[in-house]
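Note that chain A is present in both complexes that follow, paired respectively with chain B and with chain C.
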Partner chain A sequence: MSVGQLVTSSPKAVPAYSAVTRRRSRNPRAPYLFLLPFFAINLVFFLYPLIYATVLAFYQTNGPARRAYVGWGNFAFILRDPDFHKALWNTTIFAIFSIGLQLPLSLGLAMLLNSKNDKFKSLFRLAIFAPNLVGQVFVGIMFSILFMPRYGLFNRGLQSLIGWGLEEQWLGDPKLVMPAIIIAAMWMYVGFNMIYFLAALQNVDQSLVEAATIDGAGPTSIFWNVTVPAIAPVATFVVVTSTIGSYQLFELPYNLLQNNGAGYGPSNSGMTIVGYLYQNAFANGDLGTGAAVGWVLTFIILIISIIQIRIAGKVGSET
Partner chain B sequence: MNFLHLFLIFLAAIFLALWFFSRSAALKYGRFAILLLVATVMLMPFAWLVCSAFKSIDAMDRYTFLPPPSQISCDNLNLDNFRSLLEKQPTLSGPVTFWRYVANSLFLASTTTVVSLFFCSLGGYALAKYRFRGRNAVMVYMLSSMAIPAVVLLAPNFEVIWRLGWMDTYKALIIPGAVSAFGIFLFRQAMLNVPNELLEAARIDGCNEFKIYLTLIMPLVRPMSGAFCLISFMGSWNAFLPPNIFLQSQSKLPLPVILNQYMGTYVQHYGIFLAGTLLAVIPPAILFFSLQREFISGLTSGAVKQ
Partner chain C sequence: MRFPYGPAPLAILLIALLSGAGLLIWTPISRPEDYHPPDLVLATFVPEQAEVYRAALPRFEQQYHCTVQVQLVDQKALQSRLQSALQVGASVPDMVELMYGTVGFFAKGPLEDVSLVDLTQKIKDSGLYDRLVTNRLSKWSSRGHVFALPHDVHPVMLVYRRDLVEQYGIDVSKLTTWDEFSRAGRQLVKETMRPDGVPEHYMIDLDSDGNDHLILLLLQHGVGLFDASGNVTFDREAALDVVCWYVKQMEGPGRISFPCGEGQNFGKAMIDGLCLFYFCPDWRSNVIQQEIPSLSGKLSLMPLPAWEPGGIRTSTWGGCGLAFTNQCRNFDLAWKLAMYLYYDPDQLGPRFVSTHILPPLKSAWTHPEFHEPSAFYSGLSLGTVYSQLAPEVPEEHDTAYNTFANGKLSEAFSDISIYYKQHGDSGLRDYARSALKRCADRVRVVMNRNVFLKPQVAQASDPINP
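This part shows the complex of A and B:
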């Protein structure tokens, strides 16, 4: 009888409805039918490819049609390839900066925005969130011009602010490529994460803040003892999802650097892990190596996420 | 010392002066000033994009934004960038205009949105309002499938699409994206709030299960549908990697792939692809402004308990 039975919030409290439910014969297949599209598509484009990726990773392929078994060869090749080391290094740097620099900025902006009866609040929120309307591709295209030596808006702004940077080749100098990517990503995502922190800050118990203020707690102490525990779950969520997102960075640098090193920057200074996957699997046609890179990346992301969630759990249980 | 420095010093001076009279007024002002500066910095690239799309190549290098009012003329501010952008261009599949790519993008994004709105809400309805054998297993499966990064599927999916014979067709882009665990969960969250008594009443009136979904549930979760449509539309509109991999004919390409191409073609006349970028940014912006509130609540509903 449990099959197809309606979920009622408290079946005992409304006996009349449950009785009706039992008497009327409903189609018990309905929920399965409603989920059928998901399962059909998931099977063909998720579960099968996921399993198949494990097989493919052990083959060297030339396009989808030709292949040869190479055992652990793909993994050995990737782990020894200096390009992959470069990609891993760049992506890790990017992830560290997006968590260490961008998230505190997002939180700071959210705290500045989070005050009651402010008619400008929604306007500021909209302005800071606006870059998210634009996809990574378009952000990359815009910043490729904004970073132009001498003429770019960014270079000119920097020059008039700190007297340096007018002639810098942000996209041509291997030392400056990663900072340029980090700056462009910051412009794009600072507002996105701010929205999450803003929603979390609305969960902070105002009576607790008032009580702490009456007890003589300063703003710093209130921040660490009231605000941080209240936003901890959302902060964990934001840190984990930004790490996952950072490790999958591709479209932004690929478009930003389209005219500098064919999308990867001079001497691969802007190469990311997904960029490396794209280059091997689709530019060079070796899907096997692509699948192997995919698994290595999944493994990295999984390990880092687990560590982050563990740390968050420990910190959470202490406070 | 320049205008920018003077302006910043001026802002700081006001803060100090206010601090002398009233601390809370100074803090309020400081908060406002910082937000205003940040908002200006965030909006500046957009202002620059709009200006650049209309500037001639000489004016582009000479002026950061617009020429001073006394210098404005048809020589430095005109529609030439758009004219060159919208010209017919010879390709392997015949002459194609830029509007064709706009139409491709609009078609792909709206089809994906409508199809995934239907399938995701249907799945969400099943998980929110039925108790059936295997429901918990389905939920666990969906949640864990969301933890797998999409890039691991890129290479094997390429082969799946190739074997299905879907290369260079829109099917390759629309069908794999037609339903997602993420979307199903969004709708499940929204539909949990619909009272069961309402469904029971409809059943007594003789509604079948699908009709309940269509005429009762869907109107009640309209805000979530709005948010989902926007997320889905923008995701498809801005997608670069899948169309770049699966599509080959020039006349089928959507805007992100085309503008990436144009970066190489018009490297000397970047006003042209900036004009294209401006056109590409407008449709999602219009959608966003009309659905802003729903969008933000939809984004955060996964992370924050309301």
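This part shows the complex of A and C:
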């Protein structure tokens, strides 16, 4: 249907539009009044905290009561702090592995569920998505029990399957802490990302798939040359949001490791950037350094997101 | 009449109006005429203690013609929100029970900024100083000033599976030092080794993260995270003995320990007898009795082995203290309430029976309830054994950097464990010394950043809410 058809096929549209225009002219302030609550809430809960956090980043605070100006001192401290380097490294490793493992797995599951002959499609979709509904706190506590040496279901399962792992200390061995966090996150988020991919796959133009099949293209060729370009915008969205989510990771390792009484894990092997922020702002009581960490994190996420969007744009234009 | 903006905005408006009207109707805007605010409000994070206090309050209220409200608040909320509320002058309870390790958090800045009442002089004037286990006051002090009254002593013993210990012929009376304990443990692990290389039993439950268990052993050997002046101390030579001993029990050919964790895993390990010995402060003896009734008659307690012959046979783990906020409306009445709830000998006996928590008031320990034998613990009198050890409980000092220092100690411990796993005993002590120093120095760097502990800067700083 063309734009011309739309205009001519709805003759009542013009009087309706005129009526609205008349009403607007009678109440010119009405739209602003409707927008006022949104702007008021944003001003109080977004803009003011944003400005205040910017100011606070240049102060050292003793709780909310007292502050002393330290200039760029907080930023200099953070950038030189080995704990921040550790947190940045841990978070980056988590982001790389969780995206590298989660997204292909999500896409694979979405493709399986997108197959037409599956009678239990809805059931599987719900089952795979369901872990995302329970929240990171619950997942953290649950996996801290599953990863328990000797008694944990995960350890017992590994022992039964491959004869290894009964006494492994997933949350007590610095080498195993990050894999444990990635496994827990994978269980939680694979289903969530799968829903995006499933929606994208269901919108792939089937006439293109049929045309490619008639032209003799195989499943692999169709996947790379038809499906991937079609879902590329969604894939970019999922990668960017997953990266941002990964860099904001906090509740999962906090509950997984604190519940075990292990702080952020042996050698801080489970400390993330937001965990580092929390430690400075709330455990050490210095909200200024916490605010500075928040800004550094914002900057990191911004840079990575821009790079990802640029790369995705370039790849999209090439395909 | 038609709503000019259509049905959807009308529906939203109606919902908003109805919600507002509902709130107006069901929210009491004014108090009833006969309502009187309580004379005192006490906040605690321990549900069991809130129950005990509520039951005891009517007598106090009758005696002093007052009303007292006990509020139960989540511990983390109590700490962070109370600190914020205190500092900005918002409404706070008159009295608060604090968890161990938090008093330093409240006393982080200059002393004049601390929003808890300094009780040092009051404790001395009232004669409490001589009547309490004085080492216990260190836990509630900052820079020589006491900010809370100790609720407990929490001496630590070892609870053991008496049936299994007897079965394997272990004589607990000979386990007087940790070295002897290790020897017996190695023998046990060897005897119970299964064909798959995993022992049926370990000797002791030791955390693998270098936190609670390591710290209580450090305290037993006279080393805390901090000293009384707030200096970092966990890199002292004495700490090396403990850390090096600890990693050898966790890793390698001399391994005798297993990390049993908390909660249901701990319970399962005890029931299975996975470990024969477990650290047991007084409060834990009650938790075990309540949550694992099937072990009745199979458990007993012994003092901790010492670090050297004739050394201290206990340590401390956990604690709770009562602080008075500087907004306390009636300090004299609050003090009387504190004496009534914490140090009234008539209440402490029955309370010990239900909680097993040994109060720091030494005169209370003579009450008969403290010496009743416990069938659950094979006829042992818990009050007797814990009170015998209580005077030896080591001092423990807090700062605002407890959590951070804990993390750094854990980091050093973890690095030392890895080193031991890879290199064995060779060079272990030197490596441990450098790892502990590196981590302790990091805590010192972070603490030295605190401009509020430097007097001239603290004076020049800007009070946000003057």
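Please note the rule applied: the second predicted complex is superposed on the first by the 289 of 319 C-alpha atoms of A that agree within 3 Å, B and C clash if a C-alpha of one lies under 4 Å from a C-alpha of the other, contacts with A are read in each partner's own complex, and residues count from 1 in each chain.
Keep in mind that, in the parts below, a residue touches a chain if its C-beta (ideal position, glycine included) is under 8 Å from a C-beta of that chain, and two chains touch if they have at least 3 such contacts.
Everything numeric in this text was worked out from a predicted model, so none of it was measured.
J.: After lining both complexes up on chain A, report clash or fit for chain B versus chain C.
T.: In the superposition, chain B runs into chain C.
J.: In the overlay, answer first, second, both or neither for which of chain B and chain C A:R66 touches.
T.: After superposing on A, A:R66 lies in contact with chain C but is clear of chain B.
J.: With the two complexes superposed on chain A, say which partner A:T220 touches: chain B (first), chain C (second), both, or neither.
T.: Neither partner.
J.: With both complexes superposed on chain A, which partner does A:S207 reach: first (chain B), second (chain C), both or neither?
T.: Neither partner.
J.: Based on the superposed arrangement, let me know which partner A:Y151 touches: chain B (first), chain C (second), both, or neither?
T.: In the superposed model, A:Y151 contacts both chain B and chain C.
J.: Would you sort A:N268 into first (chain B), second (chain C), both or neither based on which partner it touches?
T.: A:N268 sits against chain C, while chain B stays out of touch.
J.: Mind working out whether A:N27 is in touch with chain B, chain C, both or neither, as first, second, both or neither?
T.: both
J.: Return first, second, both or neither, reflecting whether A:Y278 touches chain B, chain C, both chains, or no partner chain.
T.: A:Y278 sits against chain B, while chain C stays out of touch.
J.: For A:P174, decide between first (touching chain B), second (touching chain C), both and neither.
T.: second
J.: If both complexes are laid over each other on chain A, which piece of chain C (25-33, 43-51 or 133-141) hits chain B?
T.: Of the stretches 25-33, 43-51 or 133-141 of chain C, only 43-51 runs into chain B after superposition.
J.: Give me the intersection of chain A's contacts with chain B and its contacts with chain C, in residue numbers.
T.: Common to the two interfaces on chain A: residues 27, 30, 34, 64, 145, 151, 282.
J.: How about chain A: which of its residues touch chain B in the complex?
T.: Residues 2-9, 14, 17, 20-21, 24, 26-28, 30-32, 34-35, 37-38, 41-42, 44-46, 48-50, 52-53, 56, 64, 109, 112-113, 115, 120, 123-124, 126-131, 133-138, 141-146, 151, 153, 156-157, 160-161, 187, 190-191, 195-196, 199-200, 203, 233-234, 237-238, 244, 247-248, 250-251, 254-255, 258-259, 274, 277-278, 281-282, 287-288, 290-291, 294-295, 297-298, 301-302, 305.
J.: In the complex of these two chains, what residues of chain A are touching chain C?
T.: 23, 27, 30, 34, 60-70, 77, 82-83, 145, 148-151, 166-167, 169, 172-174, 260-269, 279, 282-286
J.: Under the touch definition given earlier, write down the residues of chain B that touch chain A in their complex.
T.: 2-5, 31-32, 34-36, 38-39, 42-46, 48-49, 52, 60-61, 64, 119, 122-123, 125-133, 135, 138, 145, 147-160, 162-163, 175-176, 178-179, 181, 184, 196-197, 199-200, 203-204, 208-210, 213, 234, 237-241, 245, 256, 259-260, 263-264, 267, 270, 273-274, 277, 280-281, 284-285, 288, 292, 296, 299-300, 303-305
J.: Over in the complex, which chain C residues touch chain A? Could you list them?
T.: The touching residues are 4-5, 9, 80, 83-84, 87-88, 105, 108-109, 113, 198, 207-212, 258-259, 261-265, 268-269, 274, 400-401, 403-404, 406-407, 410-411, 413-415, 417-418, 442, 446, 449-452, 457-458, 460-465.
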